[in-house]
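Structures given as structure tokens follow.
Each of the next two complexes has chain A plus one other chain: chain B in the first, chain C in the second.
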Partner chain A sequence: MNKRGEFGRLIFWTVLAIFLGLLICYLFLPLMGVSPSLAFTTMVTGVFSDKFTMGNILIKTTPLILTGLAFSFTYKANLYNIGAQGQFYVGCMGAVAVSLRLAEKIPGPLVLILACAAAMAGGALTGFIIGFLKAKAGANEFLVSMMSTYVVIYLLQYSLGSWLQEDKHEYLKTNSIKKAVWLPKIIDGTSVSLGIVIAVIAAIVVWLILYRTTLGYRVRVTGQNIHAARLSGINPVREYMIAFAISGAIAGLAGFTEINGMQHMLLTDFESSIGSYGIGIAIMASANPIGVIFAALLFGFLQVGGTVLSHSTDAPASVIDLMLGFVMLFVLMSFFFRRRSELRAMKKQALTKEV
Partner chain B sequence: MERKQNAQPPVVEIDHVSKRFAKVLANHEVSITLHRGEVVALLGENGAGKSTIMNILYGIYHMTSGEIRVDGVKQNITTPRDAMALGISMIQQHFSLVGAHTVTENIILGNVRGKIDYAAEEKKVQELSDRYQFGVDAKAKVGDLPVGMQQKVEIMKALYRNTRILIMDEPTAVLMPQEIDTLMEFIRSFVAQGNSVFFITHKMREVMQVADRIVIMRNGEVSGTVSKAEVQMADLARLMIGHDLEVLSRSEHDEKKEAVRLKVDHVTVERKNELPLLKDLNFEIHAGEIMGVAGVSGNGQDSLCELLYGALTPTSGTITLDGKDITHLNVAQHIALGVGYCASDRHRYGMVADMSLSENMMLKSSYLHRWDKGGWISWKSVDRYTRDKISQYSIKAPDAGVTIGSLSGGNQQKAVVAREVDMGQNFVIFDQPTRGLDLGAINYVHKTILGEREAGKSILLVSTELSEVFTLSDRIAVICEGKFMGIFRNGELTTEQIGMLMAGVPIEELPERENNAEEGGAADGLKGGQT
Partner chain C sequence: MQSIINLLTRAVFMSTPLILGALGEVVSERSGMMVCAVEGIFLGGAWGGFAGAYLSGGNLLVGFLSAMIVGLLVALLYGFTTIYMGQHQIVMGTAVAILMTGFCTFFYRVIFGTPTSPLKVSTLKKLPLGPLAKIPVIGQIVFSQNIITYIAWILVPLISYFIFRTANGLTLRSCGENPEAVDVAGINVRRVRILAVGFAGILGGVAGAYYSLCNVGMYTSEIISGRGWIAFGICFLGNWNPVGVLIYGVIFGICDALGNYVKALGTSVLPNELFSALPYLLVIIMTALRRSFNVPAKLGTNYIKEE
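Take a look at the complex of A and B:
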């Protein structure tokens, strides 16, 4: 079984799954009174006709790459970080607080670096607490991380009503941050900021950490065989905390790219589903950091395409979730069918024996 | 038997059966017949396909092609229930008993419906036990019984169902020498009543003891069928592994001349409110010495190994290595001091199946900065090192990048041994280093262990395989319930005497210790192929 053949099969099955997922989704459209063929042309032309909309795909993709990576990293340690949403919010708070307080006091780039550091540190701390509870108290990290998001949401609402609230004290949101501390735009005619570059670099860095450093190596060993890890001098409890802290830092970084790169302020219910999309993206990419980039891109495209669709036809906004759901379902099913076709191929190699 | 063969068809005919799992061809065109009143031994290395073909007969696996006939009639056996209906029972290597239930409850499990008359069933079970002189109490809780007794319960389960074709998968693996003899007696008396037995084993001595006919399997195929009368053990070995075994030679060793490297002084490991795992251990291992630890598995061997590797901390006592106190050091510190550990269960403790061979080779050294600079791993050097080991240990692997889980058991173990021998520059612990390996690989591992001894390392060898302990050790400690029954020079005691010590008989009560001394244990305990 050569590597390239395997990769080719992966691409084939994934593309097929995406196609079938969209196809099924389009078959539902007549129920909503939308012609599937019209929907298809609207979506394609709508998305690819102007630069600004195409740029939106990258904007949507940016945080999804990061939350996908966050889930992937703990997944490699056989842990489930369901709380990327919460870690993202803490990251947002860190980024916005630094940006608001330090803007115009020190140079913009320096503020950006500090905001980035604050976002990652906030996320890392949130993640670390989950890992710590798992390691020291044997808490179920799945539940703790899931519930931590709710805690953070209330914390966020409290903060937006008090120390972070806008000067007018009207809504639960912050002031807009000064233009000097925005992430620079990188494509003219769009709102695409440096955030997408940061996200892609993060994916590469995560890959390097996992596969090129002893730290990542130990995380993976712990995830795959905790008993062997223990008898190799690796302390699994320590690895849990490290993995969760790094995972939290990545999710926190998404807070920085969103605040300084896109929204320029923090409000409640901000990007409230990127955490759960991140899980889907990571699973779709089999937790491979590079694969996460492409899976996030697909999610980004479907989100933008769905928005275009609901704006220019009678389709409801929920058509986005419908598409994401179907595509996700079919990609997951494709894992199963790919595996089965591989098994069948192996059996077909007559009854020859390997030497 | 020849006579019967003509009169009636064989009880079981396995006719050109092949079984293909996804990746491996486990059985290829296997044909075996079993007649009335016959014991057929399936002899072969681990992974030769013995258990697979029997599991097909018992309905656990389904064959890819071929045919099975029982009493001359073609049968389609798809579940163990089908097999039982035909009078076939199989005793798996790992028993399927409910520990919390009584012997009777275990035996009637699945064979009764509705209201159970326990008194009557107990009586029936007790009669069964008495008929074969098993000495099993029908009311006893299975969990309280020793392994040998549990096996008898398994046999009784089969007898209760009026089994006439009994399949036993490695039945002696868990037994003490004395229990093996009783088992063999039972098998002979069972077939004397017109029943038949398939006996799966990889031990040639047992084959010669019990079988009428021997089917030798290799690589999933039948490589020969011989009757016991006309075969020598050496021939069997050749059929099994395809070539002759190298005879191991071990130079004599005088531990008094060599420096003490490992010293264990009054060490006890005890958890609160529990029986001690290890009790007052006292021993030394010198440079260039192998100390064997013989014992029935589950008597504290694992704890002993973990203790010496830092995975378990003693409650009292001290351990020193080359004069340095290592009593309270952790695993990573032990590794840094040059201690290697080949754990008995390599899948669980010794390797990460889905990682590549290279990744597994650096498993123990991730903190030693042997392969990394500031945390960045140089996979190039790990791969180079792995390829060196592949050729040095003749590990059958296409490349350093394949997952270790895709290799055969013997090659996995070679890789683990290669790593641990390298990590253990001063002291190496081998816990059942050849468990589940085929003869060729066993031979190789043994040679490696002896080589390390020559290099002046101290070696602790834990094994439940007495022959292994006898072949390799300079001194032998017998462990029973976490306590050393004594430490002896190799050859001081016979297999039987060691067997009794393993069973917990104190040294003072051993019969005629001196008389057998000059015979030495080695000759007795050797595997057939090495004579």
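Take a look at the complex of A and C:
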């Protein structure tokens, strides 16, 4: 089986799955009085007609790359970090707290570095607690990480009503952070900030860690065969905690890029589904850090496309989740068919060799 | 005293959907299938239940029946892709949750448009059990609930009997412990599992509809907000045992009621958010503290038949 054929199959089945997922979703649109063909053209022309909207894709993609990476990293250790949403919020709180308190007291770039560090540390700590409970108390990390998100959501609500609340004390949100501590914009005529660059670099770094360092090797061995890992002197319990802390730090970093790069303040229900989208992205990319970038771009495109669609036609905004849900479902199913066609090809190859 | 009785009555009331959802989860997890789509099933049930009841002019029976159907369909989608197509259970659960979030909101809009004031149905009435309801204290807390609550309680011993005392129950458990052996005995592991998942879907649908039809009488997209996962957690904490589920269900019902109670009181020294977060915190603490779990050996692993 050559690698090229495998890659070709991957592209073929994934594109087919995305197409079918969107098609099914569009077939529901006539119920809202929107014709599927109109929806398709509106989405494509609407997104690619002006620079600003195209930039929005990159903006939506930024945090998704990071939450996708967060899930991928633990996935490699055969762990499930479903709590990226919570780690992201803790990261947001860290970034916004540092940015609000330190802006104009010390130079902007220094504040940015500190905010970034605070966001990653906050996320890492949240992740570490989950990993710790898994490693030392044998708790089910899936359940604990799931629940941690809800705990953090209420912690966020409490914080936004107390120590982080804006000066008027009316709404559950923070003050806007000063312009000096915004991440610089990198493309004229759009709101795209340095965040996307940070996210892409993060993906490359995660790839390097996983495949070019002993740390990554230990994490992957733990994930593939825990007994083999133990016999070769790797302490799986330690790897659990490390993997979760790193995963949390990546999700926390998304908090930094969102607060300092995009929203410039923190409010309730902020980007409330990037955690679960991240899981979908990681799986579509088979947890490959570089693949995550492309899967996140697809999700970003569908989100922006869905927003355009709901603004310019009668389709409701919920069409975004409908599209993402169907696309995810079909991509997951395509894995099954791809595997089957691969097996068939392998059998054929074996047969021809025998002859 | 009266306020404590009211609190406990409310606690029992709020524990019902958690118990129902967790019971379904017990049955399917005993067969080796985690129903990670539980959040999506709850949401589908809440939506389907409300739509059915509203469109039939407030007929709650129609509501609960349609909730069962929606729950079953969502569970079958999940079961088919995981059992027959070998997809990962946790991942599929997330995909189904995203899909259902979009689906329910979209079709609420398709069916009801954008009403100016929220659409409502009258909630399910309480059904005091004659003389039993007259017993002081217990009468109000236990015997003046609605019919779904009573059904949930009856299901506890029934499911317990089924799992531990019948031949089919043994088959079910074997599918979760040693599917190869079940296969060798000539029983179709996949069929047992999809039936179990379907059952969890039906109960989950009713549980979801409980929130829309018994609690508030309307549907919003935030109606479930993690309650499905709590039911999932209760199944773990209850050690995959219906009686354990009942106990933990009531504990979480008290948590839920306490949050509302404190909010209504409004004079607490502790922040309200702490009480809202209590059920979730409790799951974390309890899973961390528990030492021995009776986890089905093959829980979460798909059974692939050797060819």
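Just so it is clear, the second predicted complex is superposed on the first by the 348 of 355 C-alpha atoms of A that agree within 3 Å, B and C clash if a C-alpha of one lies under 4 Å from a C-alpha of the other, contacts with A are read in each partner's own complex, and residues count from 1 in each chain.
As a working rule, a residue touches a chain if its C-beta (ideal position, glycine included) is under 8 Å from a C-beta of that chain, and two chains touch if they have at least 3 such contacts.
Bear in mind the structure is a predicted one, so any value in this text is a computation, not a measurement.
After superposition onto chain A, the modelled positions of chain B and chain C are compatible, with room for both.
Of the two partner chains placed around the shared chain by superposition, chain C is the only one that A:Leu143 touches, whereas chain B remains out of contact.
Ranking chain B and chain C by residues of chain A touched puts C first.
After overlaying the two complexes on the shared chain, residue contacts for A:Leu215 are found with chain B alone; chain C is out of touch.
When the two complexes are overlaid on their common chain A, residue A:Phe335 makes contact with chain C while staying clear of chain B. In the superposed model, A:Phe40 lies in contact with neither chain B nor chain C. No C-alpha atom of chain B lies closer than 6 Å to one of chain C in the superposed arrangement. No residue of chain A is contacted both by chain B in one complex and by chain C in the other.
By the touch rule above, chain A contacts chain C in their complex via residues 28, 31-32, 80, 82, 133, 137-140, 142-144, 146-148, 150-151, 153-155, 157-158, 161-162, 273, 276-277, 279-280, 283, 316, 318-326, 328-329, 332-333, 335-336. Within the complex, the chain B residues that touch chain A are 18, 20, 22-25, 28, 64-65, 219-220, 309, 311, 330-335, 341, 343, 348-355, 359, 362-364, 366-367, 371-372, 375-377, 379.
Those residues of chain A that touch chain B in the complex are listed here as 212-215, 217-218, 220-221, 224-225, 227-228, 230-234, 343, 346-347, 351-354.
By the touch criterion stated above, chain C contacts chain A in their complex at residues 81, 85-88, 90-92, 94-103, 105-106, 109-110, 226, 229, 232-233, 236, 271, 273-274, 276-277, 280-281, 283-284, 287-289, 291.
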